[in-house]
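The following pair of complexes shares a single chain, chain A, combined with chain B in the former and chain C in the latter.
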Partner chain A sequence: MSPLERLARLDRRWIFLMMGILVLIPLLWPLKMEIRPTASSRTFHRAIAAIPDGATVLMSCDYDPGSIPEMVPMTRTAMRQLWEKNCKVVVTVLWPGGPGLVDKVIEDVAVADFPGKRYGVDWVNLGYKPGNEAVMVLMGQGILTAFPNDYRGNLTRSLPIMQRARTYADFPLLISISAGYPGTKEWVQQVQARFHLPMVAGVTAVSAPEFFPYVQSGQLVGLLGGMAGAAEYEKLRNESGDASRGMDAQSLAHVFVALCIVLGNLVPRRRAGS
Partner chain B sequence: MKREVPLFLTAVIGVFMILSFFVPHQVVSVPGQFLQLTAVIVVSCGYVLGGANVLRVNLDAIAKQQPGWIYKLVLVLSLLATVAIGAIEGSGFLDPGRRSRWIYDTLYSPMSATMFALLAFFIASAAFRAFRVRTVEAWWLAAAALIVMIGRVPIGDALTGFLPPALHLSSIQEWIMNVPQNAAKRAILMGAALGVMATGLRVILGIERSYLSGED
Partner chain C sequence: MSLHPSPDLSVWVAAFLTLCIFSFLYRDNPFYKFAEHLFVGVSAGYYIILNFWTVLVPNLGEPLLASFQGRGVVAARDGMFAASLGDYRGWLLIPALLGLMLFTRLFGRIGWMSRWPLAVIIGVFAGLKTTGYAQGDLVAQIEGSLQPLWTGDPATTINAIIFTVGLLTSLLFFFYSREPRGAFGVVSRIGIGFLMVGFGAGYGYTVMSRVSLLIGRFQFLLGDWLGLR
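Up next is the complex of A and B:
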């Protein structure tokens, strides 16, 4: 039996094992490969840098624990950049599984890097509300109308941060960190197009191609695509976070998948039914 | 009447929602806001119906001891336990230290992340077994996929760093994403948007009636 024929009969558990090793090794011993930011990552970073200091920003974190490696590093880095500019952040989460995660991520950033930042004054988590696009449009009529209570059960109208965050017109920028539906696409269609709110987005790698037309049309000022986008953003901020550390593992995993495609086409094919 | 009333309501509300997009006057915006609030409440009620449906389907399967009934039992017990604990803890049920928070942090969150992480392994296996290139077009697709896959991560530049910058894999993948991919994606988006508009008009005008009872 030739090596290629032997490869054709390869037990897929060897592929799983190989993938596991290739992901694990660079996480234990980083290769520290150079990360080169793309144009859309640069414009994402520049858009947040251009916000007036102390402004109130709307950030929608539409994801759940399934997308932690891609979405959480973006959220953390964006929060750090916003808080360095002393911005206030109003957070919404339109995924039912997300509010607890997002609350913890932002709270962790506050505790670790910005101990002076207080809930209700410097940031608020408005939490989840069912209705998808209807909620986005309803927020256009009034944020307090759509969210009378925040995620922690406080009356939103009693929170200091909400005194100057009543409608979309009060925000200089919308940051959408999204892993699918509802997410960036719906924010563009329902809010950016309708209320002309400048917008940047961080999305999963698998969905990023869908948003390039919005970047080219100027509806999205900047775009981060997947963990690579998050790592580029960290690089632009001179940070070394989870995304930068994960890029070595992702690099080897991508090479391995590419190799699987090539080898899969070299091995002799079995006939149907054999 | 059974058909005419829903058709009339759909037409009136559909036209009204289109108007509210273009007319900011309160004659339109106030009822528009009411309709949007109503939509949010109706969707919330859907969760109750969804939960009841999950219970009905799974309890039926458990009672008949269908294949995999033990997993359905775990599902039903987990659902009831989560709802009961949340209801007992009341408002603030997700505060740190609460049991609901513990369920979210130590069960839901890691299990959800694990399910997604498994994709990496199955994608590698599927790439080896299923990604067969049979035609010239498929070769083009495979070549673009390989360039984007490697060029999107730092190893792409590490492998082609000795070449002029324009020939770096990251530069080529950026061109693929910004030019051919973007052109195709824009065409798909425009086609889909036109389709949505046509379907919306058909629903408002009462031509498309499948949403009423599954009949045309």
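Up next is the complex of A and C:
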């Protein structure tokens, strides 16, 4: 039996094992491969840098624990950049599994890097509300109407941060960190297009190709695609977070998948020939 | 490099469940089944409680209760129905009733009543989606696709030409009213080429997404659980 024929009968568990080893090794011993920020990541970073200091920004974190490795590094880095500019952040979460996670992620950033930032003054988590696009449109009629209470049960109209965050017109930028539906696509369709609110987005890699046309048309000012986008954003901020640390493993895994595709295409040809 | 295992019991539980799920890569087994069933059960419970406390209570229960007690938002008039003064809370009885009607599906003879709230849901979302697509995708994307082929800058010009050729040939590939032969066949094949590049990019990004999940779990096991430093 030739090596290629033997490969055709290979137990797929060897591929799983190989993938596991290739991901594990660079996490233990980093290779420190270079990360080069792309144009869309640079514009994401620049758009936040261009916000006036102290402005109130709307950030929608539409994800749940299933997309932590891609979404959480983006959220952390964006919060650090915003708080360095002393911006106030109004957070919404349109995924039912997300509010608790997002609350903890932002609270951790506050505790670790910005101990002076206070809930209700510097940021608020409006929490989850069902309705998807309907919530986005309702927010256009008034943020307080759509969210009478925040995630922690406070009356939103009693929070200092909400005194200057009543409608979309009060925000200079919308940051959408999204893992699917509802998410960036719906924010573009219902809010960017309708209320002309400038918008940047961080999305999962699997959905990123869907959003590049929005960058081309100028509907999105900047875009981060998956862990690579998060790592590029960290690089632009001179940070070394989970995304940057994961990129060596990501690169090796991609080389391995490419190799598997090449070999996989050789095997059936050989079989057909024989 | 040394080990500093987490003293947090919840981290140990999460690590155990992660390993249970990973065990499926070898073969189906009771540990995987246990973790899978636990996940389904906990998720169902979590979503029910979350929806009750963050949706039903603040958006329906509390406003209705306040209305029943005559505590209107507008001091000028007490009572439940004061839409003319900007207080719509009493009218929440209508969506509450529609919501309850959804459950009539569970009772065979009056099951038809569930069609009314469904009609409202479908009507609202059809309207939202149609206007959203028209504004956000159709008009804006056509506008974004109309770009000058000659910009003065060679790099931008080449980009614009490739983009326009790709756009037109890909669109023509989906023109099924004529058999793709001759010049039209060549154009269609060029369109297929552009589509394949798009599919390839999509596949690459999908691999990145899936590998990211694996990396995330390994980072949790090595960092949060074992504390390897």
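Before moving on, here are some points about what is shown:
To be clear about the criterion, the second predicted complex is superposed on the first by the 267 of 274 C-alpha atoms of A that agree within 3 Å, B and C clash if a C-alpha of one lies under 4 Å from a C-alpha of the other, contacts with A are read in each partner's own complex, and residues count from 1 in each chain.
Simple rule for what comes next: contacts are C-beta pairs under 8 Å (C-beta built on N, C-alpha and C of every residue); 3 or more make two chains touch, one makes a residue touch a chain.
Since the structure is predicted, the reported quantities are computational estimates derived from the model, not experimental observations.
Residue contacts after overlaying the shared chain place A:Val257 against chain B and chain C alike.
Judged by the touch definition given at the top, the superposed model places A:Pro209 against both chain B and chain C.
In the overlay built on the shared chain, the residue A:Pro160 is in contact with neither chain B nor chain C.
When the two complexes are overlaid on their common chain A, residue A:Lys129 makes contact with chain B and with chain C alike. When the shared chain is aligned, chain C comes close enough to touch A:Gly218, but chain B does not. When the two complexes are overlaid on their common chain A, residue A:Leu28 makes contact with chain C while staying clear of chain B. In the superposition on chain A, A:Pro148 contacts chain C only, with no contact to chain B. Touched by chain B in one complex and by chain C in the other are residues 16, 19-20, 23, 66-68, 97, 99, 129-130, 134, 137, 151, 153, 194, 205, 209, 213, 216, 225-226, 228, 250, 253-254, 257 of chain A.
For chain A in complex with chain C, the residues that touch the partner chain are 13, 16, 19-20, 23-24, 27-28, 66-70, 96-97, 99, 127-130, 133-134, 137, 148-149, 151, 153, 185-186, 188-190, 192-194, 204-209, 213, 216-219, 225-228, 242, 245-246, 249-250, 253-254, 257. Those residues of chain A lying in contact with chain B across their complex are 10, 12, 15-16, 18-20, 23, 33-36, 38-39, 64-68, 97, 99-101, 103-104, 129-132, 134-135, 137-138, 141, 145-146, 151-153, 194, 205, 209-210, 212-213, 216, 225-226, 228, 247-248, 250-258, 260-265, 269. Put simply, chain C touches chain A in their complex at residues 1, 25-26, 43, 46-47, 50-51, 54-55, 58-59, 63, 124-125, 128-129, 131-133, 135-137, 140-141, 143-145, 163, 198, 201-202, 204-216, 218-219, 222, 228. Residue ranges on chain B touching chain A, taken from their complex, read 21, 29, 32-33, 36-37, 39-40, 43-44, 46-47, 91-92, 94-95, 101, 104-105, 108-110, 112-113, 115-116, 120-121, 123-125, 127-133, 142, 145-146, 149-150, 152-158, 170, 174, 177-178, 181-182, 185-186, 189.
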